[in-house]
């Protein structure tokens, strides 16, 4: 059956079913530098450069509503308190297209974050709002837990607890990513992580992920902390929507 | 403050702020001929031809969701029973962009239809759903009531009771339409009425309305009951989005 | 105990406890001429000229919110359908200061209009919204019913069914008004009725009403249908807030 | 679209868009000395001296409702228990113009206080009540955390979690304040902190904040714990509404 | 505006505005000796002896409803779980006149007890039920915290979080009580504490409190644990309603 979740989800993707989502919700965690320090300017440039969707806060959705009106918008719900219903209702009222929450999985993760993601998913579905779950084995800092096997397990758990889209870590190479994504039964969008200061490396990962079946990306700091976010977006779109190679994409950065 | 009503409303319009909305909600009233008899086919052709939005039923929204996912969708709420909240909640859940209701105004109208439109507007606003009100002096059949003065009063009443968009009758000529729209403080979209079998006449009206400040049209039978709806839409878009003349538009119909 | 009704009510009055309220809700009933045809312009002039409050529609409150932000706003709830709660919630959400409803009293009135006013009053009080009730013996057209005795009875009924303010007809002269207002245990604001085209007559009534204890006026057509509404307001304020005579007031109209 | 949040927010500001808000909610935390020990007297003097708005408790709003009826009123919601909805409903019912809550940000802050502020914001918006968020890095006592960088990050987080107004710490000098406020996308009101016993120092800070774009202040102890609160308010207004210098302002204190 | 809170509150007081309230809610905390072990008998005697109101449990209100029907009844809500609404609704349904809750204030208190009292107050007010708050610095056992300064701060906080009546500790002497009650902006009723076995001492405190502005008492164990509760009540009433001295009062105990 076609549902509101299908309709909203489609707004996060271009007509080819792929999505370059700019992750731009870091202000909630206190990021306030580079492109994040001039939020509306960065959003305008990113959208002009071809971002299909923006992952941000409800507050930006309101403050920059006019700028954001022709792109998909997902909002961060990581910090919900007690009952997430007020956040979900507010998102629905504002015309948000998707929610997003992190779950820290595995023996060294945070069980409550998994429970909260599942709880939020059930409430979002009652309203027709899709939910992106970002499963991280252990924690962001606990790199030892970020093995391909754990990333795969984490992605599977994200599906099982109610993700409509999985915001998944790239495993580092195509072969392990192909294996890690086998059986992940919801669409996969890869995340970017900290600014690596190496655009070719980021593009290589994006290329590998798309080549192995990811339907898009939700990358933040490697875009907005770059000195020319618009060029990074253009480069990524060569790969995501254009089917180009990393070398093709790198040309956009000159 | 930017609101969900602003965001949803923008989905009904192209980036130039104008809208060609195909009115396609006649099935609810028993229409089941010409293009209405093959709904999904007509919708596909209309969208391919450049319709910005579709006014239809919640049922079509569900049945033809994939077809409708990249256009604005307004749904008919004329027939609500008792409390319209379930209809509004369903529309919100499905990702509908606007509701629509008729109000029969004037001394020969139906006072309850005005009260119902005001009531529906208050509920829609609570959810962030914009509402299109279609004010008709007297009734559709009571043509004697359709004077420019009565049309103006009806449009004014539509604004006052809570329309976010007024679906207004054309008064027949530019001069009277200009006068009738003075002081109408919400955006105006003109309706089409019964199939006239005279496309040039329809296009002349569309041209007059747009020239005098209407932001679009919501026309049904003169499009979907035509033998080539796609051509009619293309012709109307020459005027609405292209700023062309009636003669320019007529070329699309050859 | 001080309540939200007291706080909201005070916004409708100047610091001297008197109020010149411009009745400007006639658009709902189809009025669309003179100052009503250019609503925002008329509102701006009226406020600049010293109107303390405006009685209008929720729609104008939204459309002209910036213009109205420094005056008290009452909204017309005459046309509620079924359950008025959505209208009351919307008014509360928007920061409206008072509701208003008509009740047609007496043997030739409309009993349901009295029931509806009482029903609305109970709901408004639950939310902390004051309600202005406008009691009219019989109907607006049924002039034979508009005797001082009937006007007094109507005002008393308005109090008894839950008016926080009574929008009362003037009885024509001070003596009968004094008698008619005896025992009316809520504050009285006098209404204006149809445009009389005779400002001195209107001002004489205003003077008589204020002299006999009315705390203000809520007059519409005799202001907004005048060719210089701002001058009429200035003239009325000579009486209402300045304690002046009719002759004093008339000077404002030269 | 104009909303109730816009209307209520405007009541907290004078017509020039600036606000001298007296912070007077310290009684909730047990302050009961100087001007706080004679609350109604202090409120009367502050309002007579030109305070545009008062930040206080719902209880004072009720107890001193008549005194407060012509100024904007924000109420403290720091202490909400479980679901803040009853506090928000009570505030709405009473005609309160804004809520207020503290969030302790940064690595040494209280994550739950951030979640609670976001949760409260979503509920307030559902009712149309604006929310002032006061972000404090770490805690009030953890002065080491109060660097310009941390104050900027805290203010940014306040915006992102749903502040309609940010009650921000002054960074100590104009240059650092200018930098700290860059990218803060909601209006800024500066707070005062503990009584410094040095009015010139306080006025210098107020002057610096206003000069660098703050739209007002919400200062408490440096006003109500002073021996002549009315003079302090007059002095601050020389700067806030009068555009005067610190020297100009100091003249009010003689 | 007169409200249901005003009406209910008046039932707790005699016509002179003073109240001898028998605190009789100790059964909830496990007291089951002396007069508490024969509840209905004690209530009957207390009422016959002149108690104006009883502070008890909802359960006693039901069990001894006939006995209690001509006195004011406040009910203990200290133990509410999660959402107090069911307790408040039950109290309203039963015709209870006031709720009562303890808040442990100050640095050694229980912050959640303050939050709960504020939360309960907002819900009670929504229903029109007055609330008595009993603020205790630290805890009942933490006597070191019971200084006049802390008692004053506690009483102030009780007002600020929504008490309609403050059930306040006596500070030990008139001078310090006078100072402690300055700026306490809600009516004060003094509590009794543990059975002191020294009626003259208790009466001296009652006399001091009433002399310095308390509007009554809510004393329990020093009444119901006495061997002749009726005589204690008669003695207290000599002071409270009769304006007598301690010596006058002591005559009732012979």
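In this document, chain identifiers A, B, C, D and E correspond to the written order of the chains, with residue numbering beginning at 1 in each.
Just so it is clear, a contact is a pair of C-beta atoms (placed from the backbone, for glycine too) under 8 Å apart; a residue touches a chain by one contact, two chains touch by 3 or more.
For clarity, every value in this text was computed on a predicted model and none was experimentally measured.
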In terms of touching chains, how many steps apart are chain A and chain C, taking the shortest path? 2
Which chains sit in contact with both members of the pair chain B and chain C? D
Of all chains present, which has the mean Cα position farthest from that of chain E? B
Based on the averaged CA atom positions, which chain is farthest from chain D? B
Let me have the rounded angstrom distance from the C-alpha centre of chain C over to the C-alpha centre of chain E, please. 47
List the centre-to-centre spacing of chain B and chain E in whole Å, with centres computed as mean CA coordinates. 65
Where the CA atoms of chain A average out and where those of chain B average out, how many Å apart are those spots? 37
Residue numbers in chain A touching two or more further chains are 63-64, 93
May I ask you to sort the chain touch graph into line, ring, star, complete or other? other
Chain pairs that touch, all of them, please. A-B, A-D, B-C, B-D, C-D, C-E, D-E
Chain C residues touching chain D - in the complex, by the definition given at the top: 1-4, 6-8, 10-11, 15, 61-66, 68-70, 92-95, 127-128
For the complex, give me every residue of chain C touching chain B. 25, 27-32, 36-40, 57-60, 63-64, 79-83, 86-87, 89-90, 93
Chain C contacts chain E in the complex at 1-3, 5-6
Using the touch definition from the top, list the residues of chain E that touch chain D in their complex. 82-83, 105-106, 111-112, 114-116, 118-119, 122-123, 125-126, 152-154, 156-157, 159-163, 182-183, 185-186
